[in-house]
Amino acid sequence: MIDNTTMDSAEIKGGQAVQSGFSGAAIAKWAGIWLGFILISLALPKIFDSRFAMSMFNQMGIAIVFALSFNMLLGQGGLLSFGHAVFYGMGGFGAIHVLCMVNDGELRIYTELLPLAGGIFAAILGFILGFISTRRAAIPFALITMGIGELLLASSLLLPSFFGGEEGIAGDRWTEITLLPFKYGKSIEVYYLILIWMFLSVAAMYLLTKTPLGQMANAVRDNHQRAQFIGYDPHKVRTFQFTLAAFFAGIAGGLFAINYEMVTAENLGMLPSTDILMMTVIGGITYFFGPILGAIFITFLQLVVSNVTHAWMLYFGIMFIIMIMWAPDGLAGLIMRHQPIWRAKRMTKILPSYLAALVPGLVMFAGVIVLVEIMFHISLSIDPESPLSIMGVSFRAQAFMPWAVGILLLGVGGYLFKLAARRVNQAWKTVLAEIKQEGV
Amino acid sequence: MKTRTMMKTIALILAVLFLSAPAMAADTIKIAFIDPLTGPFANVGDMGLKHFIFAADRINANGGVLGGKQLEMVPFDSKVSPKESLIQLQRAIDQGIQYVIQGNGSAVTGALMEAIAKHNKRYPDQQLLLINHAAVTPAFTEEKCDFWHFRTDAHVTMKIKVIADYLTSRPDIKKIYLINQDYVFGHSVSAAAKEYLAKMRPDIEIVGDDFHPIGKIKDFSPYITKIQSSGAQGLITGNWGNDMTLLIKAGTSAGLDLEYYTFYAGGLGGPTAIGEAGIGKVYQVTEFNNALCIQYKNKEDEERILAFKEKYGEDIFYLKSKVTMDMLAMAMDKAGNAKPKDVAYALEGMEIDGYYGKTIMRAQDHQLLQPMFMSRLVKQGEGFAKYDMENTGMGWETVYKVDALDTAIDSPCDMKRP
Amino acid sequence: MATAALKLDNVKKNFGDSQIITGLDLEVLQGERHAIIGPNGAGKSTMFHLISGLYEVSSGKIALNGRNITNMAPHKINRLGLARSFQITNIFPNMTVFQNVRCALLWTKGYKYSIWHLCDRLKKVNAQAHEILERIKLSSMANEKAAVLSYADQRALEIGITIACGADIIMLDEPTAGMSNQETTQAVALIKSVTEGKTLLIVEHDMGVVFDLADRISVLVYGKIIATGTPDEVRCDPKVQEAYLGKEAVECSA
Amino acid sequence: MSEFIIFSLLNTLIYGLLLFMLSSGLTLIFGLMNVLNFAHASFYMLGAYFAYQVSIHVGFIPALFLAPLGVGILGMIVERYGLRKVHAHGHVAELLFTFGLFFLFNELVILIWGRNPVDYQIPDFLDFPLFTLFGADFSAYKGFMLLISIAMFIGMYLVINRTRIGLVIQASLTHPEMVNVLGHNVPAVFMYVFGAGAALAGLAGVIGGNFLVTEPGMAMALGPIVFVVIVVGGMGSLTGAFISSLFLAGLQTFAVGMDYSLADFLGHFGIQASSEGFWGDIVRIEIANTRAMIPFLFMIFMLIFRPKGLMGVREE
């Protein structure tokens, strides 16, 4: 991969460049991005119309809101939480209980507003838990949130009247009490509802980063001590930020409740907490849109790739480690690194080196896949004796040849990739030097 | 070549997304198997899948259903998560699948039951049928019973009733200790045990009724100490997985002199983890063990056990997988088509002569009634234990049989039929 | 007589068994530029931490404009009109230079923890932030990440943050440490200009800077102030000469 | 009752020392490097699996030495080629790295040894009851575990207090900036300490894996509780880790005997709590039911009210 030291200067140029005030061009650019995003979202169900694709898009929408809310803590507030799903789950429970009351005729609330109920419920809880957990950041915070998550999960089994025991709480979203002329029986209708809430939440979370609280969350993240000496109480800043993050996680939970019509205690456990953590980190925490990429990418991986290979968790783990070690800014960081070069119209200078690295990269990757799949097939598949088929090629996993091929692919690919990576580095250095000279 | 193979993968991935029209061959009936295939419980899911594929293959080899149609098991990974299983259900529907078999995790069963009931109401022309082969929450065939759900495993209360029934043959046991996982399932085991012991063995004293956190206890020694001082002679537990093996291991290593009446000691990995210390002390209540065929001289079942071992190199654990598939196939033949609604009606009240006695799908609540057995862990070769389990040199010896009708428990189910 | 801007009354501080500050008495007058000097380990930075609320005082009293601020939370002391800088650079490294300064303005301008204002729309705040950048000569770097500034620029930014708070009492902890001669000269000019009309308390090692800037000087040795006075008075104080300036012969006119 | 107490005390000691074996390494690594190693429990798991693999071929006694050694070397590799590289990206990145490692180790173990528990049994020569008390056996293996734990404790005490490297480590626990001044090769010290910590966890896996169960979930099951131990004991404090290991083990062991619920408590005052709904659930909970929660409650309260723990030397 690309060595980091050479990247630093690029990162900074491409970094969070701030436009004070809105120029016309900037507004047009923003409107363009948002409009494109909306159009794609509207067109998606027309292109991919299977039920599975619908479920996946719905899950992506929920994950986007959840991941962005997580990044309000990690990326913007510097708070690494191992228990953010508490608010996702509790928001879900809040919403599903309200839905049950609607089903029982005890309450009349528009189905569309259920996520808000989840959000408010989660925000109240978030304020209380935020107050006690954000006195300190870093490791104490991480451990407290982990402890709170474990506590709630353990208590969920002891309090079946609220959490519904193992089976959770189920409701029926087909309530007839709706704002829009939909019944929300079909998942396509739910898709549009999730879409609306997603855009509202994304916009709200984006604007929040621009408010005094959002700015101070950054300041406290960077240097909580200094923040005290400009008049702010870091504990309060964190508590408010935490509450808001809980609110949006609760909205995601409410959307979950509508989409699946049931909520179980697994939603507030360690698993979704770490899932969202990995999504956000892989997407990239330094840029606002990073978690969106992560949510889309990882949800896709979890749902689609897991249908193709059962070793997906291993690939997921390998990818996570690679990202942490060589691309700590995530996918978004990888993209944004190229911004200054893009602006200087120098992409053509590095693309050839990328192409040169792509081929050995793919070879190496194929080697990893072959080896992992062989091992997986032998030790974990239903019938190890049956032929293994990788990308359409069938063979016996126990044979010697596939191993040899795998190791060969990995070795040769790895060696060539290392050489190619050097070329990429060289290309970067040259281009950056050129740009610097021109003073772009 | 690389690009071609890449293209194939991409095509495969896209196919998953685009596939909305069922591309179904006319001569196969697909059955979705939604259970954990990755993650910590994948071993159990994989084993179940093998059993069902094995059972389907045998039906197919005998001419299939509906005059030659083949049954095909299509695996879907539930990851024991209700959310995941609901998404996988959508995938199954995309493929035109109308039958779902599932069993691991009551949460998943509950979610699938709810979702299928709603789906069948919202899309009356695309209905689905759920067969639950292992989730034992009584409510699924009691208060929560649903027309689209059938259960082919005895539920908690039924299993407890079998244990209590067995204890009537053991007047020497006077003191029983209950220890269970602290969640709905464990509580229902404890409640049922108290109820049925009071009914069938009122002289038994329940000397302890403990609940421990599920999946958290590494060392059960403290509980063992408590059980020890209570003077219990027998222990009833619904524990599964590590909670079961660790409990028994802690008990045997302390030399605890008592009998363990379990639901799942014979489950996958159980005999291996318990080890030889459990010989003569560990009991299980199941519909099947691999000594039955010797004891009841059933050649057909013995052949089935050997064929399974031959094919997968592993032991067979269930009879219910075979019963499930056989009944499903018979119901299709009886209905004359593969429409879930017709098949469901055909399944109601269906009776078959199983290997070890009459087996009935009760129409009232869709609960299967089948002969149940108490068996004890013994050394291989002892009594009827011709075959061992998991190459441990240990097998099972059946000590008590309860006929299908005697396992029945009245159900409050008031089924609404379409 | 007007109340002292800052008054320390027998302030002590222990860390475990060791007493670092053994009894501080200090009075900083309104509008003066007051420097603290003393050998390494005398407790200068500790004293700053005590005044600004970062450390808790073991005993004694600190008053700001006549108001008791002993053991108040740092942000509350700041809101009462005391701002400080740090010996080691203490800025918001991952934010832009402009954002650094703007953040320091938010509280004084009354935006507190608001979530219904957009910072980019706060014209007055932005204008003032730019004005401060102008004064600390960092306008051209406004949109750079603070972490990439040169050391001297970071120190300037730190001063910018400190004065942006709008406090009338400013404490600077070794603002010129580690700077070249030329940079120091610029820094001193900067400090002079930005603290116009304010009370300044400064810790400094560079005697040139101290004698150039300060109206009065206090000498801190082993956790105690041993002398306070105008630069000339201090220079000639025999105790100071002995304890601090050592054997260097200093000519005294007094 | 007295047999309950005696056996509970013995169990506390065994479980507590096992916890200490795990937490001592973690707390040392934290104290020295300021890294909270999420993958620490994975080393425990790997220790058990390595021991299983070795004991199949050459027996249990060699495994007792070889497995921790293997885990220790793996630990050093992780530090040298992983953690050190990530260190530049800051503490959050380090946390995330060890977290990813935890995830990856789990998957690799599954890939190599499968998902079922492996047949790692107590060696035959230790499989007999050592003595019988009040009719309950105390197995020889438990005695052996106790022996190993105590030997490890003494060995560690000697290394920390009697060797030069031990003194350097001690110094740097309280004054992290000191090590640099002492002129030691700090990265090397880090690497060895990380390796040693991993080896200790591996040893715990060797003797705990067959006593409990060796399966892929074992790291996940023990991981959080080890964090609780080092937080309660004070991060970076060995004495604290020792005390809190025994304390938490005792707490969990003795809580089992308490069948006391809020409803019982209210009953003393003649208050009949409703048994329906949410409040019904709450009053029904017995102290024994909260066994899984107690440690976490403790950790949270500790972090809020006394963040440096029982014996902590540093605040943050």
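Chains: A, B, C and D, in written order; residue numbering restarts at 1 for each.
FYI, a contact is a pair of C-beta atoms (placed from the backbone, for glycine too) under 8 Å apart; a residue touches a chain by one contact, two chains touch by 3 or more.
Predicted model only: the values in this text are computed from it and were never measured.
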{"item": "Chains in simultaneous contact with chain B and chain C", "value": "A"}
{"item": "By mean Cα position, the chain sitting nearest the middle", "value": "A"}
{"item": "Far-end chain from chain D, centres as C-alpha averages", "value": "C"}
{"item": "Chain A and chain D: spacing of chain centres that average the CA atoms, whole Å", "value": "32"}
{"item": "Intercentroid distance (Cα basis), chain D paired with chain B, Å", "value": "35"}
{"item": "Separation of mean Cα positions, chain C and chain A [Å, integer]", "value": "43"}
{"item": "Chain centre separation in whole Å, for chain D relative to chain C (CA means)", "value": "47"}
{"item": "Contacts with two or more other chains, residues of chain B listed in rising order", "value": "42, 182, 213, 216"}
{"item": "Multi-partner residues of chain D (each touching 2 or more other chains)", "value": "114-115, 289, 292-293"}
{"item": "Multi-partner residues of chain A (at least 2 other chains)", "value": "154, 158, 160, 313, 380"}
{"item": "Pairs of chains, among all present, that meet the touch criterion", "value": "A-B, A-C, A-D, B-D"}
{"item": "In the complex, chain D residues that touch chain A", "value": "36, 82, 85-86, 88-89, 91-93, 95-97, 99-101, 103-104, 106-108, 110-115, 224, 227-228, 231, 235, 277-278, 280-282, 285, 289-290, 292-293, 296-297, 299-300, 303-304, 307, 316"}
{"item": "Touching residues on chain A, where the partner in the complex is chain B", "value": "48-56, 59, 154, 157-158, 160, 165-168, 170, 172, 174, 185-187, 256, 260-262, 264, 266-267, 303-308, 310, 312-313, 362-363, 366, 380, 382-383, 390-393"}
{"item": "Chain D-touching residues of chain B, taken from the complex the two chains share", "value": "40, 42-43, 182, 210-213, 215-219, 221-226, 228-229, 242, 245-246, 249, 253-257, 268-269, 272-273, 275"}
{"item": "Of all residues in chain B, those that touch chain A in their complex", "value": "2, 4-6, 8-9, 12-13, 16-20, 37-39, 42, 46, 49-50, 53, 77, 81-83, 86-87, 90-91, 93-94, 105-107, 109-111, 114-115, 118, 122, 137, 182-185, 213-214, 216, 311-312"}
{"item": "Chain A residues within the chain D interface of the complex", "value": "4, 74, 78, 80, 132-133, 135-136, 138-140, 142-144, 146-148, 150-151, 154-155, 158-162, 274, 277-278, 281, 311, 313-314, 316-318, 320-321, 324-325, 328, 372, 375-376, 379-380"}
